[in-house]
Amino acid sequence: MDYQKILNEIYKEIKPFLGKGKVADYIPELAKANPKDFAMSLVTLDGDAYHIGLYQKRFSIQSISKVFTFTMALKMYSEKLYERVGVEPSGTPFNSLVQLEYEHGKPRNPFINAGALVVTDSLIGYYQDEFITLENILNFLRSISHTSDININPAVAKSEMDHGYRNRALANLIKDFGNLDNDPLTVVKTYSKQCAVEMNTWELATSMLFLANRGVDPIAKREYITPTQAKRVNAVMLMCGHYDASGEFAFHVGLPGKSGVGGGIVAVVPGKMGICVWSPPLNEYGNSYAGTIALELFTSKTGFSIF
Amino acid sequence: MDYQKILNEIYKEIKPFLGKGKVADYIPELAKANPKDFAMSLVTLDGDAYHIGLYQKRFSIQSISKVFTFTMALKMYSEKLYERVGVEPSGTPFNSLVQLEYEHGKPRNPFINAGALVVTDSLIGYYQDEFITLENILNFLRSISHTSDININPAVAKSEMDHGYRNRALANLIKDFGNLDNDPLTVVKTYSKQCAVEMNTWELATSMLFLANRGVDPIAKREYITPTQAKRVNAVMLMCGHYDASGEFAFHVGLPGKSGVGGGIVAVVPGKMGICVWSPPLNEYGNSYAGTIALELFTSKTGFSIF
Amino acid sequence: MDYQKILNEIYKEIKPFLGKGKVADYIPELAKANPKDFAMSLVTLDGDAYHIGLYQKRFSIQSISKVFTFTMALKMYSEKLYERVGVEPSGTPFNSLVQLEYEHGKPRNPFINAGALVVTDSLIGYYQDEFITLENILNFLRSISHTSDININPAVAKSEMDHGYRNRALANLIKDFGNLDNDPLTVVKTYSKQCAVEMNTWELATSMLFLANRGVDPIAKREYITPTQAKRVNAVMLMCGHYDASGEFAFHVGLPGKSGVGGGIVAVVPGKMGICVWSPPLNEYGNSYAGTIALELFTSKTGFSIF
Amino acid sequence: MDYQKILNEIYKEIKPFLGKGKVADYIPELAKANPKDFAMSLVTLDGDAYHIGLYQKRFSIQSISKVFTFTMALKMYSEKLYERVGVEPSGTPFNSLVQLEYEHGKPRNPFINAGALVVTDSLIGYYQDEFITLENILNFLRSISHTSDININPAVAKSEMDHGYRNRALANLIKDFGNLDNDPLTVVKTYSKQCAVEMNTWELATSMLFLANRGVDPIAKREYITPTQAKRVNAVMLMCGHYDASGEFAFHVGLPGKSGVGGGIVAVVPGKMGICVWSPPLNEYGNSYAGTIALELFTSKTGFSIF
C-alpha cells in the first residue's frame, strides 16, 4: 500500500475542515495555538515514516500522556493496578466528580482525569519522589519516541496549575476516599507537568510502535510491556480514549486511539503501524475536529478498521 | 484451523466452571434453568457448523434480541435512529433511570433496557401494530437463523410482564420525555415477548452470519443491512454488549458480542464466523459465567481477538 | 384583630400581581383556568370565616390533597408509616426519580409525588379496594370541610391520567423496589382522582382547622388525629410543603402550608386559624404566584409567623 | 416557669443516654473527647442563666460556627449573599459533591460544608486578609458571648487541615465553578480554624440571644443584624441546621438550632432565650445523641416548640 499517496489524498481532502471547531481555551497557553496548523505521521513497524503537514512542529500532548503513564504503571503494578482504577467506559463527561463519588473514589478508567491522577500517584509512589517520577516519564517518552530532547513546556504547566481547580478537587476527593498515597497537590502538579510535554506527530507516531507490536519496540527490539499488557492498553484506548465520543470514534475510525485537548490524536494499527494526527481546534466532545476526520479518511482508504 | 478440535478442548476445560455463578431469578420462569446446561456453536461463513454440548436445546434469548431489533430499526430509520438513541457506552448498571433522567429521555445506547425499549417502540411505529411487529421480529429471526419454527415462550413472556416494573418505569419515563410514540405498556409487552423468544446455540450462531459478513447472509446471499450498518452493530456490541463489564469483555474476548440473562452470549468474528455459547449461571455483571470463559478460551486458542 | 380589614387591605395590594406567573399547562384541563381569578379565606377556631374574592368558586386542589391522605395514613399506620416514606426535605425537583433510585424506593417525604403515591397505596392497602379508598378520601374531605358535596372533576382526572407518565414511572419504580403493595396503575389512577377533587378557599380553610387545633375539629369537637400527629403534619408542611421553595416559603410566610398546581395554598396558624388562598398562575417553583405574596402580606400584617 | 427545676429533671432523665452514640473520630483531636461529658445552659433575654453539668468546660464548636459566619456575611452583603449560596434544605449528606456539581457550584444553603466555605470566602473577600478575617470572627464571638478569651484550639485546627481533603475538594470545585474569590486552600484553612474555636454551653447560649431577640443583644442593647435578617438565620437553622435529620429535629424539638460534630447544639426560643447543650457522642446523622434528646425533653416540658 502506498502510504504517502494515501496521506497526500488526506492532506487535500482535509483542507476544507482546517480551522473548524474550537481551540481549547480553558488553559490560556493552549489558546495561543494556530487553528490552521495540521500534521499527520505514520510510522510502520519496520521504521518507515510518512508525513504530511507540520510534522516537525511540537504541540502540547496533554491527555495523550495518559497512555504512557498508564503503560508505565501497568508494567510496575500489573493486575494490582486495577484495584485502584477500573477499565470500563465512563459514560459521563471526562471531568465529572459525580461518578467518582458514587463509586467511592475508584475512577472508572485511567483515561478520565480522575483515573490519570491515580495512575500518576502510583508512579510517584513507586519512585518515592515527584522529580524522579517526572524524569522517568520523560525518559520513557524519549526512549519510545527515539528522541532525546523531549521536554516539558513550563509556561503550559504553570498555566495548567493556575487553572486546574477541577483537577485539585478530583485529587482531594480521591485522597478523601483513601485512593491516593501522596499529597493531592503534588499529584496534580506532576500530572500538570506530564500533560505539558511537547512532541510532534512523528515522535508520537513512533511512540505508538510498541503498542502496535505486542509491547515490543520493533526498531530497538526492546520489550516495554507484555503482549497481554499491550492488548490491555489498546483495549482501554478503544473503549475510553475519546471521552464521551468513544463509541463514535470506535465506529468511525475503528482503531485504538487517544486524543488530547492540544489537538493531537494517537492511534494504533495492531501489527502494522503507529499514527499521530494533529490539528488544534476541537469538536464538541473535546477531540480534534480535523484530526478525527483525517483518521476516518485513513481507515476508509486503507480498510484498517478493526470492525 | 480445526474448529471441532478447539471446541472439544474448550468443552474439557470448561467443565470445572459449569454450575458456578447464579442463574437469573428475577423472573421466576428463568430460575427453572438447569445450572449445568452448556452448549457452544460456531458457524462459518460457508455454512459449516461445529458444536459441543446441548446445541439443540433452546433457551430464552433475552437481551440478545436487542441485537436483532436494533438491526431492524437501523435498516428502517438509518441515521435518523440516532436522534432517539445514542451509541455510547453507558457506565451505569443496565437498568438505571438516573442517566436517562439527566439525558432527558434519550438512552445512551440500544443495548441498555431503556434503549431497547425505544428501538422496539420505533418498530411498532413502523408497523403500526404490535402484533405485526412481533410477527416481523419472529420472521426476521426465522430468516437469519434459517429455521422456521422460532417462537415465543408464553410462560416466560408472562413471567417477564408480571415482574417487569422496572421496564414499565423506564418506558413511562421515556414517554414523559416525549421519546416514545406508542403506549408505554404496549411497548413493554412487545419487548417482554421479544425477550421470551427461544433459540439454541446453533440457530443463534447462524443468526450472526450476516453481521460477520458485512450485512449479507453468506448462505442465502441476502443483504439485510449495508456494510456500514453491520459495522455499526458490531461496534455497538463491542462497546456496550455486556453491561458494566463491556470493557473487560472487549479486553478478554476481543470480539463484538451480546449477552442475555438467559445465559446465552452471541459473538462475531468479522469475515469468519458467528458464535454462540450458552450456560445459565451468570457472573456478578449479569453475563454467563462459563460462557464468558469459553469465549476467552476460544479467542486465546484461535488468536481471533480484534486487538 | 380585624381580620376582614386585613383581608381587604391584601385584596387591594395583591391586584397588581394578579395574572403574573404561568397557569399550569402540563394537564390540559388545568390550562383552562382564568389567570385573573383570586380568593382568600380565613376560618378561626371558633368558626368565624372571612373572605375576599371568589371564595365560593371551586378549583382543582391537586397536591393539597397530599395533606389529607397523609393525615389519613398517619391515623391508620402511626409511626409504622415512616418505614415506607421519610419526613425529610427533598432537595430536588418534586418529580425527580434520581433520589428515589439512590434511596432504594423510599421517598423522602409524603409531599413529593413519589411519597404521595406510597401514601395512597397505603390507603388502598387499608381499604382493600380503590373505590372504597376514594369514597373514604371524599368522606374525610366532606367531614373536615363541613360540606357534603365535595367531588372529583372527572375531566381533570382523565386529563391527569392521559398525561401522567411521570407518575406511572414513579409508581412502577417504587413497585420494583418493593415499596408498593398494589398495582402501580391502580395507585396512579387513585392518586390522579384525589388530585382532581374540587374545593373552594372557604372549604379548604375550614379543612385546616383540625391541624390548627392539635388534631381536633374545634367546631364539631371531633378528634381526627392525636396532637403529636397534628404536629407532625404541620412540621412536614413547613419543611416540605412547597417543593424546592420550601425554605423561602418558611422564611417569607413562616407558617406550615401546602401548595397545589391548581393555584391553591393552604396554611395553618397553630392555635388560631386555617387559611386558604387561590390564584391559578404559578411562580417558577410551581407555587401560586399571587397566593404566596398574599400569605406574606398576611403574616407581615398579623405577625403570625412562627419565627 | 422554673427553668432550673426543668433542667434538673432533664439532668436526671438524660443519664441513661450519656455515652450512647459515637464520638466523631474523622479528626483525631475530636476523638479524644470524654463520651460521658454533658452540659446544658439556658440564658434568658434578661440575662438570667441556668445550667446543668459541665457548663464551664469548653469544647470544639465545629459547625456551630457556621451560624456566626453566616450572620456576619448577611450583615455585610444582605440579599446579595443569596446569589452565591441558597437557603433551601439539601436532601443529601452534608458533604456531598454531587448536588454542588449539578447546581454549578452554588451550594444549597450556608450550613452544608460547601455553603459554609462560600460564606467564609465572602468574609475573606470583605476583610481582604485571612488573619483579619479570623480576628473579626473571634471578636464577633467574644462580643456576642460577652467573653473576652474565646480562642482557637491550634491542635484541632491542624488536625482538621491534616484530614480535610473533602473540604479541599469542595473548595476547589466551587473555585472551578467561579463561586470562590480567594485561593481555595486559604478558604479551607480559615474555615478549619473557625471550626476549631472552643466555647462552653454558657457562652454559646449567651451567643444565641441576639437571634432570640430580633437581631439585638438584649443585654448590651446592641443590634447585630436587622429583625428580618435574624428571622432568616432562624429559618435556615430550622430548615437546614441538622444535616439529613433536619426534618426530624424540627418535629421533635421544634426550635431553630444548629449542631456541630464536637457534640454541641445551639437553639433559639424566639422572644425568650438562647440554649446550648453538649454531649460528644453523635447519632447516625452526626448530631449529638444525648443533646438531641435533652432538647426534646426541654420542649416537651416547656411547650416551647414552634409547632
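Letters are used for the chains, namely A, B, C and D, taken in the order the chains are written, and counting of residues starts over at 1 for each.
The rule is short, and it goes like this: a residue touches a chain if its C-beta (ideal position, glycine included) is under 8 Å from a C-beta of that chain, and two chains touch if they have at least 3 such contacts.
Nothing here was measured: the structure is a model prediction, and the numbers come from that model.
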- [ ] Would you mind checking which chain's C-alpha centre is most distant from the centre of chain D?
- [x] B
Task: Whole-Å gap between the CA centroids of chain B and chain C - done: 47
Open item on the list: Suppose each chain is reduced to the average of its Cα coordinates; what separation in Å results between chain A and chain C?
Closed with: 56
Task: chain C and chain D: spacing of chain centres that average the CA atoms, whole Å - done: 33
Task: Junction residues of chain A, two or more chains touched - done: none
TODO: Pick one for the touching-chains graph, please: line, ring, star, complete, other.
DONE: ring
TODO: In the complex, go through chain C and note every residue touching chain D.
DONE: 86-92, 99, 108-109, 231-232, 234-236, 238-240, 244-248, 250-251, 254, 256, 270, 305-307
Task: chain C to chain B touching residues, read off their complex - done: 96-98, 101-102, 165-166, 168-173, 175-176, 184
